[in-house]
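These notes are about the structure you will find just below.
To keep things simple, chains are lettered A, B, C, D, E and F as they appear, and every chain counts its residues starting from 1.
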Amino acid sequence: MRPSGRAPDQMRAILIEPGFTRHAEGSVLVSFGDTRVLCTASVETSLPPWLRGKGKGWVTAEYGMLPRATHTRGRREAAGGKQSGRTQEIQRLIGRSLRAIVDLEALGERQITLDCDVIQADGGTRTAAISGAWVALRIAVDKLIAGGQLEADPIRQKVAAVSCGFHGGQAVLDLDYDEDSQAGCDGNFVLTGDGNIVEAQVTAEGECYDEEGLLRLLRLARIGCNQIFAAQDAAVTAAAAAR
Amino acid sequence: MRPSGRAPDQMRAILIEPGFTRHAEGSVLVSFGDTRVLCTASVETSLPPWLRGKGKGWVTAEYGMLPRATHTRGRREAAGGKQSGRTQEIQRLIGRSLRAIVDLEALGERQITLDCDVIQADGGTRTAAISGAWVALRIAVDKLIAGGQLEADPIRQKVAAVSCGFHGGQAVLDLDYDEDSQAGCDGNFVLTGDGNIVEAQVTAEGECYDEEGLLRLLRLARIGCNQIFAAQDAAVTAAAAAR
Amino acid sequence: MRPSGRAPDQMRAILIEPGFTRHAEGSVLVSFGDTRVLCTASVETSLPPWLRGKGKGWVTAEYGMLPRATHTRGRREAAGGKQSGRTQEIQRLIGRSLRAIVDLEALGERQITLDCDVIQADGGTRTAAISGAWVALRIAVDKLIAGGQLEADPIRQKVAAVSCGFHGGQAVLDLDYDEDSQAGCDGNFVLTGDGNIVEAQVTAEGECYDEEGLLRLLRLARIGCNQIFAAQDAAVTAAAAAR
Amino acid sequence: MRPSGRAPDQMRAILIEPGFTRHAEGSVLVSFGDTRVLCTASVETSLPPWLRGKGKGWVTAEYGMLPRATHTRGRREAAGGKQSGRTQEIQRLIGRSLRAIVDLEALGERQITLDCDVIQADGGTRTAAISGAWVALRIAVDKLIAGGQLEADPIRQKVAAVSCGFHGGQAVLDLDYDEDSQAGCDGNFVLTGDGNIVEAQVTAEGECYDEEGLLRLLRLARIGCNQIFAAQDAAVTAAAAAR
Amino acid sequence: MRPSGRAPDQMRAILIEPGFTRHAEGSVLVSFGDTRVLCTASVETSLPPWLRGKGKGWVTAEYGMLPRATHTRGRREAAGGKQSGRTQEIQRLIGRSLRAIVDLEALGERQITLDCDVIQADGGTRTAAISGAWVALRIAVDKLIAGGQLEADPIRQKVAAVSCGFHGGQAVLDLDYDEDSQAGCDGNFVLTGDGNIVEAQVTAEGECYDEEGLLRLLRLARIGCNQIFAAQDAAVTAAAAAR
Amino acid sequence: MRPSGRAPDQMRAILIEPGFTRHAEGSVLVSFGDTRVLCTASVETSLPPWLRGKGKGWVTAEYGMLPRATHTRGRREAAGGKQSGRTQEIQRLIGRSLRAIVDLEALGERQITLDCDVIQADGGTRTAAISGAWVALRIAVDKLIAGGQLEADPIRQKVAAVSCGFHGGQAVLDLDYDEDSQAGCDGNFVLTGDGNIVEAQVTAEGECYDEEGLLRLLRLARIGCNQIFAAQDAAVTAAAAAR
């Protein structure tokens, strides 16, 4: 029995609210249950120096967590003077996952930065961030297309992410904080809308796993991502209607 | 005529939503028009070293702005490795303003940290932060009292803050971003519920001012703070009802 | 009775010695009693990137305190790896105060940096710094004019600053360290030679104040600044004579 | 055809030289072809503060790359003032992989730090580091046992790691730099001596992959790790003989 | 012919003014010609952690240069966030030189920090700093002895320092900035009152030197240090008279 | 009697292995007994900004020590976020020593960086680093000449370095860690192949020295450097043969 009473293959409630803030070219508040992440897409025409004049663009991400997003207050990274290894690992994963489905040549010489800031944390912040960031990116790119700044759509696929792991010996989908802190092993899967894998990371936390375990987690991830894709579609439609 | 069409002594819509996040002992989302700041109060029993064993507590504040809270994306301070002078100046002001109305002996040996994170910026983020932080603090302290952890109420007064300035030669209340960036001079006033002044800061930006100008801004600030005090009362009442 | 025996509206001895060091284009050692600050003005033709090619200049300030300027040794900021929030707040105030009276277009494409380094501290270091920095700036600009590098004088006004506060319930002028550490509230006023206000900051430290209190402090500040203006005039005259 | 002429399931030459340096409790130079990493195990009795007095130990890792380990010189991280995100990600992976096979209670209140410094890089530095660090750890623990400082062996399993990926559409084992920089996707697998998985990470770099692809890479990884386990055994035996 | 017209073995005017600032236990302004360094000695009873409880004390130094001490403005180290290699090298030399003549056991469990801040630079700042720091230390220790806090005098010797070098092929004493920037080689000698050497550093800058050259510089250094010792004596006497 | 049983004027075994790593333009592993330093020379065509367009090149050095090169593990400088004063002092010395014998005009507009990383430390790491770095530089420059990129040889001299000091009252050559930690005074000498001095630094550690002592150390240094020059010749010859 999961602490939350969910079935093993049951996601938490997914909610993706477009337009949560108004300055960014794309903005959503994504919730996976009590995990809530604000994702904004900022379009800029200046590129990092190593990319200038190559006829292509760049997609990157930054991740942060408000100090009291968590059960007990964490240190503010800006006050500490550096981003933790965990923060850097997550923001590298978010950026890589989105670049995997973007045609950087078609994007042209512009950079889109996805800022993913965790307002409230209850497990799965990185997967919620990737899933929400895709919608923010989609909305920003749709504005560029609508404004005549882009001819072809540089986004080749949807992308979504979800965590899975073994909890009490059972493979379960979309771990919340209680499960995550007791999981024997846990993983994150980033999948595309056409069923392929962008990234799979499964880490033993106390108990190792075998090939069969890896596959069971992957299959749960497919179930979860399909629900996320539907929520993404709904959010993109709502954003288009609001324009 | 103000860019927003407001009368010179007209505040933007004030909204203080308690319980915006669930882990913090006190949490509100405060809006002054399009400026929105998440304020959380975290109660901890560990004190900074220089205060330990003195039979009194501490109230402090940290301030941050999400990179895309603003019209154009700003640099993430955690990535840059330090907090700007502006950030430090603001968080020092917030902490000082709240300590001015708290009896630190009555608080006992605990520290309350107010985290004020700007979700969306449209001028006046520091004054919204002070006004919201007071409510978060009030809610946290009410929980300590309700839980029997505090006997006497350490909060002596309400405190609220608002900006005023000269725009187009006219004294106006609660400047938004458009006004702020063109103001001849602008100031921030932190006032208590019984009408006294905690802090007054008025800075010439291009045109100096005289004693009469200073007094006109102070009188506008009184009008604004009275409305904020009412919104604070409503939020505290709502939070109590929700408990 | 003030600890120093001074009357409530009595300044400490003001001394502004021009030419204290010889490399800077302008240099003074300013003393408000035992508070001594070395102020130098450095003229450079390189501008910060965001100002280049706009046909105007910039005036900025940096502030520091020698580790043993104070009663007990403080940490050297360079060794600690960052400037404190207090340091940044002060240097921002100094820069803002001087820019308020300089015509940046008339200054042309050059930057003048005012370095204000506290040799000995006894309260009021930031107000001594502003008052001395104005003289260093004046001397440096006079050299530019004398050398034919400037046609019109970009300095529109004198500017001086002084602290005031309530000590033992009494409004007093120019607080020294003993008074400052016990003051109920204290403020800094930056005034121009023609009687206007550049910046007013009054902060409650333990006891709040009212409108009447604010005005009494402002009136004391006028008395103090008039004496500082006279000392500035004498220093500028002496510097001109020495040229 | 692989650039190196190797068969798809062919590892580079594996060499693990124990005793490469003499101060560390365990020390090896591990080579996967031209990739060479110095791994040292340092045993210390001081623990990080959050682990003290809990009757258990800790295993952690740090990773570095000499500036000219690579084809072109990279920036020295110590000079730049921080470790890159990549460095932090790798050292977190190494530490996690070794902790997965160590009984921290059986280790007692001591910390073992694995320093993995890349002397020469040609792809696969993190997998060589994990594989070599295990041997350094094994040697250090054997010394503790031989010296009577440990009663039970806290190491439960061997652990080794290898990279695999798709290069030119073909699944290949142990990518060198040439292959790595052109790979469509690449992954790192950390496996235990009894055939289980500690960590699997597979990342699309330009082309996504499917479930079948994931399994093919895992099977290659098993082939590689079995060879590494044999090299580890030989190194441990040689180290014991030299004692 | 030296640019300054001095004879090869002629020092600049040496002036050591005790009591330049009043908070420090020892304070002097030392001038070697236009080079002026403020040296303060701060006595503290807290020791660095690694020295506590060992029945002995510590003497250390910090060095800084005001940004406009030099011909053109340098970057403020506190603003840049770190001390340069040059600064660290100099402050290590100053601390080492003073520890060489102090009996740390006799000093007891206290730390004396010598802060050497360059007010104006014209070559030889490190040698002026060592020479002045000794006087500040002497004054501070005399106060401890006079106050009954020390029984035996922990200072075993006088110490002074001077630079020498080859300029235009000629060995010259006490290089000023003009000479220093054109010197073929330059060195710093730290000598004790009884004629021994604490530190000798001679560096080729463009032309190497031989044993005879080294000895000629050392002999010049003796001439210079003897004059500095006399100036130190005068300053210590003046400080004692003023007490 | 020296702890190692060596005669006072006896060097440890010197070994300079060229080609220890393969990416760098020049690379050696230098051993002075158990002290082993990897020195690489990297040739780059980009120059530091202040040297561009002046028709000359630059030679610089960076120094590091692996955390467990020493008897007990030291902190990794990259993790601590800065290089220690000792590290900076050493790398400045290495760079200065090599520039002293290079004709920077003849080098042309290129920069050569010598990275000296201590693999194992047993005293004398900086002198081994200088001696090895010269060989790495020589090999890199020979490649430039062989490749037709340089017409004239910019290296004017050999350079080598060795430490000497007083141990137990006796002047000894090439101190190892045991001697170094008990030495009364110790020094480093950098000499050229034609017998001149590039740098002499002799520091009292507990006991001061006199002119005669300085000369005895210098004479020992000559003995040591002559042996190092022979080892350098052998290494350069071996590197040429291997090309």
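FYI, a residue touches a chain if its C-beta (ideal position, glycine included) is under 8 Å from a C-beta of that chain, and two chains touch if they have at least 3 such contacts.
The structure presented is a predicted model; accordingly, all values stated were derived computationally and were not measured.
Listing every chain that touches chain B and chain D alike gives A.
Here the repeat of A-B among C-E, E-F or A-D is C-E, since over half of its contact pairs match by residue number.
Compared with chain E, the chain whose C-alpha mean position is the greatest distance off is A. Distance from chain C peaks, on a Cα-centroid basis, for D. One rotation lays the C-alpha atoms of chain D on chain E, and its angle is 120 degrees to the nearest 5.
Distance between chain centres (mean CA atoms), chain B to chain C: 29 Å.
Look at where the CA atoms of chain A average out and do the same for chain E: the two points lie 59 Å apart. Chain D and chain F have centres, each the mean of its CA atoms, that are 32 Å apart. Distance between chain centres (mean CA atoms), chain A to chain F: 51 Å. Looking at chain F, one finds that residues 81-82 touch two or more other chains. Taken as a contact graph, the chains are arranged in a single closed ring, with each chain touching exactly two others. Beginning the circuit at chain B and passing next to chain C, one meets the chains round the ring in the sequence B, C, E, F, D, A. Put simply, chain A touches chain B in their complex at residues 21-24, 27, 34, 36, 38, 40, 42, 44, 62, 64, 66-73, 76-83, 87, 113, 115, 117, 119-121.
Residues 82, 85-86, 88-89, 91-92, 96, 100, 187, 192, 195-204, 206, 208-211, 213-215, 218 of chain F are the ones touching chain E in the complex.
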